[in-house]
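Presented below are the structures under discussion, each in the form of structure tokens.
In the two assemblies presented below, subunit A is common to both, partnered first by subunit B and then by subunit C.
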Partner chain A sequence: MTRLELDGISAAHGGHPVLRGVSLSVGSGERFALLGASGSGKSTLLRVVAGLHPPTQGDVRLGGRSVLSVPPEARDVGLVFQDPLLFPHLSVAGNLAFGLRQRRVPRAETDARVADMLARTGLQGLGPRRVGALSGGQAGRAALGRALITRPPLLLLDEPLSALDAPLRRDLREWLVREAQERGTTLLLVTHDQEEALATAQRIGFLDGGRLAQVGEPAELYAQPATLNAARFFGSLNFLPGVQDSADVMTALGRLRVARPGHGPVTVTVRPEAIRPGPAAVNTLRAQVRQVSFAGAYWRCELTVPAPGMGGPGGQETALVWHAPPDAPPHAGDTVTLHLPPAACWTVPEHPEDRPGA
Partner chain B sequence: MVAPALLVTAGLFGGGLILTVVQSVGVDPVLGGQKVTFAAYRTLAADPAVRASLLLTLGVATLSTGLSAALGTALALLLRRAGRARLRFLAGLTLPVPHVLAATLVLLTLSQSGLLSRVTAALGLTRGPQDFPALLFDPLGVGVVLELVWKETPFVALLVLAALTRLDGRLHDVARSLGAGRAARFRQVTWPAIRPALLTACVLVFAFALGTVEVPLLLGATSPTTLSVLAYQAFTDTDLGRRPLAMALSTVLAGLGALLLWAYVRTGSSR
Partner chain C sequence: MSGLSRRPVPRRWTPGSVLLGALLLAGAVGPLLLLGVWSLAGAWFYPALLPGEWSLRAWASALSPDTPLWAPLWGSMWVGTVTAVTATGLALPAARALNGWPGRSRAWVQSALLAPLILPAFAGVMGIQVVFIRLGLADTPAGVVAAHLIVAVPYAVAVLSATFAGYDARLEDAARTLGASRAAVWWQVTLPAVRSGVLVALLMAFLVSWSEYLLTLIVGGAQVRTLPLLLFSAVQGGDYALSGALGLVYLLPPLLGFALLAPRLRSAA
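Let's turn to the complex of A and B:
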């Protein structure tokens, strides 16, 4: 239960900058997920917080106090990796007791807490087992239990359990969230898996090329991405470059009413599930269905909109992807009338991620 | 599939061992011995030189094993940290050097008229060869131990390094995050990982130190000398009557080796 503050953290790997001025504040007891593609610097950020990687610049504060001079073993920050990384020469109970032994917790209390954790992790009776004899799920729970047993105020998770099957992972995640809530543990999770981030975290940060491109609630990052990369990462598939004049953007489709007013070159991004069938007062277009494929919860339709799609001085053909509702799927070759609700037409400034310091 | 090869090995090795034991109890048709007698063993037990030799042999083997283990482990940890392939190559350079050659090098360097002695004399630290400490041919086997440590330290380091390389570095990160300091991490993460390799290395070094003839022959004192040298001398003696003595000494050495093997297997299975 502690507040984590990162203040302008930069870090390098062998002279290569990996993190560039990351500032972030995670509240006490909050569950925060850092998302990003591999190589975005997320694991390094976690190692900086744990004290395992020195930043070249910036400050890390826990509960308001700078911990840069505190070695990892004294930071009281739990750390769980993708692999369980149990100590192979110790039993399951020995692994759970490891942190307590370092803290010189009396034997009787250690035994009691280990027994309690064995029960909580569903590993009753497996205490004396060699860790090599555990299944993947059991090893994952043992790893989480080992990190939680010392009651660290902050728990860092680096793609935890992503080596496990989906159902196992879900169970373990739910368990972890419950335990963290019960103890008021602050969670900082690093992952490239959106589902994992959404299911675990209250807020999400998007890390892109070592910079924190956006921080917000999950719905915000989905609907209102700050950068093109964020939009792509969170599943937008339609990108229409154009020039904005007040509430409208001139695109290859024609004049498009968008969510927020502005001026200058922008890219309009529309999530495929936000496109609606039928006409509307604005942003109505007729498109040809090229290909339809079933994707479970929706039909994925690849469309082409002939130029000019909505009247006015359009350019060439435009390709769009639409997730049609499952009840009445169109067929390839059909011509459909659709509209793009202005609220779903989100504008992103031209390549803001290329600007230094963005 | 491996049976034929095994048969040859077992035949040569086992046969030799059986012949050694048989000859040690005086049975040797060629020399005319027909009856089993433990005279050779009684002679050995009564000889104070043999007792001194046994002590020296065990002392030299223990000391050189201990020093090689300590230095080899330290070297491996150092190399692991440096991580340079070139350094590892340099460290392993003494491995292919034959012990005879290594012993000769030690002789040329450390004897009272050797290189080091001349350097110290030239620097005015010693007045001449008589001043330089008698590291070689000494009754305590210092020269022998030095040669063995020089040769075996990189060997130990190589085995330990292999074990260290297999150890996932993130285990150290996890241990740190759980509050383990440097000493605790060595004790609880590194040590358990290298222990089996180190034990194997120690057994091999000890067994070699027990049996080596050339090193104590070149660098050791004439008396006391190690059991293997005694056995060699008795075996090559023109007096064929001493042959059972040589075989009895060899049997004792083989017994010590077997004891070592038994202890090793026992610790191995209790792990």
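Let's turn to the complex of A and C:
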């Protein structure tokens, strides 16, 4: 139950810059997820907040107060790592009691809180057990319980439990969100799994190459990514570089009506499920189906659009990916008529060629 | 991990394993038996297979109130214990620090720490003696401990580096975020996690000191009496019965230490 503010945080690892001027504010009791590919600096950011890694620049404030000079043990910030990292020489109960023992909580109260946490984490009766004897799921729950038992106002989660299988992880995540809500705990979650972020967080930040590229509500990052990498990360597969003139962008497909007006070089990104069958007043194209594969909720169709797809001065052949609805899948070799709804044609102010490594 | 270590190992007797076991046993116990026989021999002359005469004289003299044994035994225990605790105390932070270091610099520092293992003590001992005389450490127990540390620390570092190789330093991060100070992390997380390695390092360093002869003789200048010195003079004096009895006494503390240690190591694995 505390507000976290990061003000221009930069950090380095062995001389290499990892974070570059990250500013972020997470409200009291808010659940915030930081998404990013591995190597984007996510874990380092959490270690900076926890006090385990000194930033080269910037300030960390908890509840409005700078904590840069406060050692990790005095910050009262919980941190759950990717691995449970239970203390091997202590029992399960000993692990849960560790934080309370450091705070010199009286014995009777410690015992009561450990018993309560064992029950909440579904580890009843396993208190005296050696941690080596726990299953992966049990160890994960013990790790969460160990971090929650001291009731930290801010809990940091570094891809927690990523070693567990999906259903187990979902259960633990839901449990964690309930516990956090009950206590008003502020949550800062770091993950590369967008589904996990969408399911857990009220707001999401996208970390790219040590910079915070975008912050917003999940739906916003999903539909209106600020950068090419954000668009890629959130599942867009179609990128059409072009030059915008007011509401239209000239692309290899021809003149494309897009979601928002602008000028100059841009890239139009269209999510594969946003492409609709049939003609429309604008953005209609004919495409050849190259390959169709079943993906459960949709059919993944790889299309090529011959130049110029929609008339006008187009370039060469263009490849698109379309997630066709499950009821009437096309077949490879078919020629289909489709349209790209202008609201789904989102523009980002970069060209794919600008960032060769991306 | 514990699941694996607890699986019972199938015992199988094959002619090869029996032979190997017999050889190992003979190699380990044979000399001890010989020591035992010597210590009880009254008169034993070539070519008799066994002593012609048995006697408790050597044991009576070794265990009598005015035995020459007590002072050296006490000296060995004292020097060994102080050496073991100091060497382990020095090696612990070194091994912990090496755990997090990048490859090449670690290899260099590790080689430097282990160098005294490779260089023969003989080569260095005269130099050590000259330096210790200047420092006023020659002929003192502190000087002997310092000299023993030169050989004991590398063993302790070797044992503890191996222990820390399997140590996850993120445990310390977890402990810090749970509210443990640096000191609390060291006592409550790091040390317990490497406890079995610490016990082995203590024993190794103690054994190194316990069996050190040359350094004790030269640096201690016969002022610091330890068991190996006594044993050497007994052997040189030609009293094989007394040497046998002293030899067996000499073996006892290390065996005792190992017997005490072994069950603790198993439970910590």
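Here is the rule we go by: the second predicted complex is superposed on the first by the 350 of 358 C-alpha atoms of A that agree within 3 Å, B and C clash if a C-alpha of one lies under 4 Å from a C-alpha of the other, contacts with A are read in each partner's own complex, and residues count from 1 in each chain.
Here, a residue touches a chain if its C-beta (ideal position, glycine included) is under 8 Å from a C-beta of that chain, and two chains touch if they have at least 3 such contacts.
Please read all numbers here as calculations on a predicted model, not as lab measurements.
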item: Fit or clash - subunit C, subunit B, common subunit A; value: clash
item: First, second, both or neither for A:Gly78, with subunit B first and subunit C second; value: both
item: Touching partner for A:Ala319 - first (subunit B), second (subunit C), both, neither; value: neither
item: Touched partner set for A:Arg130, first subunit B, second subunit C, both or neither; value: second
item: Subunit B versus subunit C as contact partner of A:Ala332, first or second or both or neither; value: neither
item: First (subunit B), second (subunit C), both or neither touched by A:Ala119; value: neither
item: Partner chain in contact with A:Gln102 - subunit B first, subunit C second, else both or neither; value: both
item: Subunit B/subunit C common contact set on subunit A; value: 47, 50-52, 71-79, 81, 83, 85, 87-89, 98-99, 102-103, 146-147, 150
item: Residues of subunit A defined as touching subunit B within the complex; value: 47, 50-52, 71-79, 81, 83, 85, 87-89, 98-99, 102-103, 146-147, 150, 156
item: Touching residues (chain side subunit B, partner subunit A) in the complex; value: 168, 170-171, 173-181, 184, 188-189, 192-193
item: Subunit C contact footprint on subunit A (complex, rising order); value: 14, 47, 50-52, 71-79, 81, 83, 85, 87-90, 98-99, 102-103, 130, 132-133, 146-147, 150
item: Subunit A-facing residues of subunit C, complex; value: 1-3, 102, 168, 170-171, 173-181, 184, 188-189, 192-193, 195
